[in-house]
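Same chain, two partners: chain A is paired with chain B first, then with chain C.
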Partner chain A sequence: MESLKLKKITALWIVTVITLFIVAIVLGLLMRLNQAEVISEEPLTFYSNMTTHGLMMIGIWFVAGMVAVNYLLQRYVNTSYAVSVFAFVFTVIGVVMLWVSTFIGKFSTGWTFLYPLPFKDIGASSWATPLFLLSLTVLGVGWLVWSVAMMAQIFRKYSLSQAFAWQHLFKKNPTVETPPFILITTITLVGVIASLIAAVIVIILYFAEYFSIGGFVNDALLMKNLIYFFGHTIANEMLYLGVAVIYEIFAEASGRPKWKTTWYVSLAWNTALIFILTAFFHHLYMDFVQPQGLQIVGQLASYLASLPSAAVTVFSIIVAVYKVKTNWSIVNLLFFLGVAGWVIGGMGAIIDATISNNIVLHNTLWVPAHFHTYNVMGNVLFSFAFFYWFSTQNINKLIMSNLTRVTLAVLIIGGIGFLMAFYIGGANSIPRRYSVYPAGLASAPYLAKIGFTFAILYLAAILVFFFNISKRCFAILSTPSSPA
Partner chain B sequence: MEHHSMLLLFIILAVFLAIVFVTVFVSSIKVSDENHGLKNTLRKRFWFSLVLTIVLGILTAVTLPKSPYFIFAKETPSKVIHVAALQFSFFMTEKEIDPKQPVGESIVIPLNQVVEFRVTSFDVNHGFAIYGPDMKLITQTQAMPGYVNSLRHKFTVPGEYRVLCLEFCGMGHQGMQTTFKVN
Partner chain C sequence: MFRYIVYTFFAGLSLLTGLSSLSKSQTEPIDLSEEQGIYTKIYNAPLRVYGESKINRINQLYQQRPLLLAFVYTRCTGICNPFLLQLKETLELTHSENNFQVLVVSFDSYDDTSTMHQAAIRFGLNNNPQWTFGVTDRIDSLNKSVQFAPAWDSIRSQFDHEALIVGINNQGYITKKLLGIRDIHDIKLMISSINNEFIPSYRLPGKNNLLSCFNYDPKTGKNTMAIGFFIIALPATITLIIILTIVLFTSKRKTL
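Then we have the complex of A and B:
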């Protein structure tokens, strides 16, 4: 059974994650309000807030997935409490350093910090760039140690081939069964570790140039490839961490037998890893100097990544529910809704990942449209499902009240309205990452206003979730360590 | 695809998927306890995967040849325009651009002829996105320091075109633009 110490650190993580989420949403709201010309921020303030918003959202939902996987992993292998605390401390320190570099130092390159922008005049204090890079170093070290520690624990119990469930590919009933949760966690951690190593290389290259004072100069194309390998992969893997949790909890929360690994589950996840690690090339479609073979790999991998997800995970969720009497609670309902959001966001992604479409969609609002879809209406819901499940510890207590139904309705309406403002903006060629819009893009401020209004509804629903979950988490945190 | 065709396609797919998920959800409430769901799921999964693979294969075959790297690749451009981006302006000229003293000129592009933009940057990454007279994005490439991206296009509508920067490049990014004429 999961120890009280593990429960407490998990509860602490959850309260921290949701609090940071609300802060990051507020930053996003301010951005949309400025684009709507309702408020007037200095461009520097807008872009430093944009940088904070982007990095926080990636970080928050990555650690949320890691927290859930770390907690559930305890069912199969021993995970280290000390490493979880270490990762928490490094995350908090890293976030504070990031805030100082952006809020005070006005570091404002966007989350992509594309080379060589951080070294140019961005209106920031001179110390902001090294502090920003140091904040990423702290976050990267904390998360890399956490990921490697989890992976090491898996490999202490399972051999390499068992962790990847290769024995399921060739035998119908292998002597050792790999639980789907272990398979997906292993696959996902490989991607996470690879992306974090890429981040470490990027930071080393940045510091090498920073300290060489002109003696060493980086290559812009190589840096862009490395940055997108890191950013795209970690943003995808945070979703797959959520999927691992679905495999572990969805059936349980619906009162069904646990899902088992089969040959096609093993095949799907092993091939998914290849596509997840190569799809990032689609971020460089508009860099025509990139070898054409890699551009084609980008489109193929982006398309093929949808196959195992749709044919195995999504199909399995549908089969588990279709014409089967299901006891719906907030937990399995949020998972189910999240899968729908993930698939619909995937459609927006496929359209954008088609090179001939990307030429008119690249860096328009279509991009935040699709990734917000599978975050706001996908991954976030996976994590909240886990938060509810964890904080209640007893699924039968989670009765669908009228307040829950109304909250979910507000969440869906808010989410759809907020996202559609982005999609329509993308189709209207409105650029992303503009503090204000140039004359000629008349619909842009109106869409920003609509997006803001619906985002307020979404935030209202999140606040209800926050209240429900955090009061239970605080109860766990205040549980005496040694029972009387 | 046209801009609004993509939006329409997305909305159709999103509504279709929403209907699928709602139908599945409703089926789990209205069904009797004896019903145990779909039979022969492996076979259904196989057919679903096959159809999806075929659809993705067709999409790939149809769309890849339309990629910007291949269109106009065999034609000789009637005009070459050199473009240099620098925080927060574009320099466009028919002559080579000196990085130390970049100078631009007003550009007029012939209608219905293939032209080539050779785009680079003298500082950070920028975008070179061409908006038509109706302010719809028609084509783009990136301006990257140390590299030259060659973008070919044939303009079929006369008028004033605007170039916007679509890669975030600093606090003046939102105002970085220029214009040229097509006639």
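Then we have the complex of A and C:
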């Protein structure tokens, strides 16, 4: 089925992703320690760490989803090994360039690099901005080529209507069945490609202003719209990559029959595509020049983007396990918990995406609370479920050892405690992105300390997972290739 | 049947959201020249005020309280009187007399302290401590610092000028300008601005800003969507083109 070469590159990706994840967690821990006033970082160091942490987390979990989808796609279509290697090389180069721009050049605008911050003198080296933009270019090119290549392989086998499962909308038993994995992957890749193209346009516009030396200036509103088209959409799509993997593996890992595409699954994901691409407008609620109509679109799309896909997925998961004998393993447990985290984080997001709430919650700790929820306790668990599944494919029956149970419990306790510190802070209007809190926010350093403590537990669990998964991945990497 | 009801619901919803996105910008129409010279310091002109020897310069006023500076002249048969009358009535409606004061300066060399005092009496403002009517010997420098350029029309023996109010904060910086007779909303914004409160503003398109989201039409005073807004749709459009291209190139090689 899946070739050894594909297995090897997937194993390499997995080890790289988890290693980078641990580095990014450490940066996050340092930020919380600084906010807790346990250590004292220079503001520039804090913000360059924040920039690296944010961009790395987005990048890591996006590629983790892509790696999983790329591997599983091989079951239906031929995927290119060369393109996967190409994307890996570009990702590594891009990350190194990013680190140089932030750790050495002190580029520190935050991962959203909102205009005109990259051009403001806030203490970074003069070369840091172009290097940061170049790092994004390298990452963007690698990922765009990867996404387009996958999309091309899908369309080699499936027609446009089949890939989007339109035949399921009007016929109960269509002659050609589209697997849910193909449907969700296609829908997600459309969003991924659109968001990466938005990033390309943003980078071109930044470079145009940089090299024109005043001859051309950008429009702040346009830049913010494009940046969130890219940033919000890709942050959402990486979740959907994880959901595609759930549709493919969850039933299999639970010893249940494979899920099929029905008319409501097709409808949910096709409508989700439209709403995912327009939900980013909710990032501009505070931008008074944004037309009011787009603010309304932002709110409606935020509701409608998450509800159909989440509702259908949750329904499918519950039906799959409710009063059904299920072979629970670390794989389907992580998927199950991940869906719960995704839904809880999604609720937090919907609360924040409601205009009347956003007036209160905007730029408070509620924002990192919700997006950390569906990443830390959602997307990360999806990916780790895949990593476990991938690395244990040769094992007939996965047994949950006591160590695994304890590790999982520590992960959940750590994750929930870490997130609660954010949620309580957000509900108390503590602002986000402060390196040091002013004296008036007395509870903020205290909450940061609590958040840090629980995050240590989470990190400990991740380290155990890393050890378990990476030793098996290294075994795959060291498997000799059979002679041709 | 149920599925068709659901489809109709989503189709209707999409149509509604599409239509609502066409609604106009939230920004109020603003005049281009109002944006010039903002956040520059006002010229600290010498002042002469009727019966007042303590006030010698403008900074003595704005250092006490932020200042609204209005330009008029007493021989004016045009905008000056309705402008000042409207300003007086609007300011009364704001009920915010404690956080600013008003200086009315003549830009006509014909005027002196007594003609300006007469004007104050005419408007019933001579005993209002919030209002000061005065003249300056350095009106050209003052005009220049706020980019106000009245032109003498010898045929009508009148100045050709705009009705200008300049908002100055307590550090002497121009924070906002208003041209023409303006409603209470604009005046309130100006009062907030001179008290260093946040005032939303949007950078107007210039020659080097090619991709603005809005086009401002000075004739109609309206903003319309410009090329920048259409660029927001570009990623989705390019994606569609890429997908259709892929589909086109792979359509003859289907393996299913």
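Convention: the second predicted complex is superposed on the first by the 477 of 484 C-alpha atoms of A that agree within 3 Å, B and C clash if a C-alpha of one lies under 4 Å from a C-alpha of the other, contacts with A are read in each partner's own complex, and residues count from 1 in each chain.
Rule of thumb we're sticking to: contacts are C-beta pairs under 8 Å (C-beta built on N, C-alpha and C of every residue); 3 or more make two chains touch, one makes a residue touch a chain.
Keep in mind it's a predicted model, so treat the numbers as computed, not measured.
Student: Once the two structures are overlaid on chain A, check if chain B and chain C clash or fit side by side.
Tutor: clash
Student: Identify the partner contact of A:F288: answer first if only chain B is touched, second if only chain C is, both if each is, neither if none is.
Tutor: In the superposed model, A:F288 contacts both chain B and chain C.
Student: Just chain B (first), just chain C (second), both, or neither: which does A:T392 touch?
Tutor: neither
Student: With both complexes superposed on chain A, which partner does A:V297 reach: first (chain B), second (chain C), both or neither?
Tutor: In the superposition, A:V297 touches chain C alone.
Student: Counting only touches as set out at the top, which of chain B and chain C does A:F229 meet: first, second, both, neither?
Tutor: Once the two structures are laid over each other on A, A:F229 reaches chain C alone.
Student: Of chain B and chain C, which one contacts the greater number of residues in chain A?
Tutor: More residues of chain A are touched by B.
Student: Once chain A of both complexes is superposed, is A:T271 in touch with chain B (first), chain C (second), both, or neither?
Tutor: second
Student: A:L205 in the overlay: touching chain B, chain C, both, or neither? Say first, second, both or neither.
Tutor: Only chain C; A:L205 stays clear of chain B.
Student: Where does A:I318 make contact in the superposed view: on chain B (first), on chain C (second), on both, or on neither?
Tutor: A:I318: touches chain B, not chain C.
Student: If you stack the two complexes on chain A, which partner ends up touching A:G214: first (chain B), second (chain C), both, or neither?
Tutor: second
Student: Just chain B (first), just chain C (second), both, or neither: which does A:Q162 touch?
Tutor: second
Student: Choose the clashing stretch of chain C with respect to chain B from the list 184-192, 220-228 or 238-246.
Tutor: Clashes occur only in 184-192.
Student: Is there a shared patch on chain A that both chain B and chain C touch, and which residues make it up?
Tutor: Residues common to the chain A contacts of chain C and of chain B are 219-221, 264, 288-289, 292, 296, 300, 304, listed in rising order.
Student: In the complex formed with chain A, which residues of chain B make contact?
Tutor: 1, 3-4, 6-7, 9-11, 13-14, 17-18, 20-21, 24-25, 27-29, 31-33, 35-38, 41-42, 45, 48-49, 52-53, 56, 59-60, 63-64, 66-69, 87, 123-125, 127, 129, 131, 135-142, 144-151, 162, 164, 166-175, 177
Student: Which residues, counting only chain A, touch chain C once they are in their complex?
Tutor: That would be residues 148, 151-152, 155-160, 162, 169, 176, 190, 193-195, 197-198, 201, 205, 212, 214-222, 225-226, 229-230, 263-264, 267, 271, 274, 277-278, 288-294, 296-297, 300-301, 304 of chain A.
Student: Given the complex with chain B, which residues does chain A contribute to the contact?
Tutor: On the chain A side, the touching residues are 43-44, 47, 108-110, 112, 114-117, 120-123, 219-221, 224, 264, 286-289, 292, 295-296, 299-300, 303-304, 306-307, 310-312, 315, 318-326, 328, 336, 339-340, 343-344, 347-348, 351, 354-357, 359-364, 366, 423-424, 426-429, 431, 433-438, 440-441.
Student: Can you tell me which positions in chain C touch chain A when the two form their complex?
Tutor: 3, 6-7, 10, 13-14, 17, 20-27, 200, 202-203, 205-206, 208-214, 225, 228-229, 231-232, 234-236, 238-239, 242-243, 246-247, 250-251, 253-256
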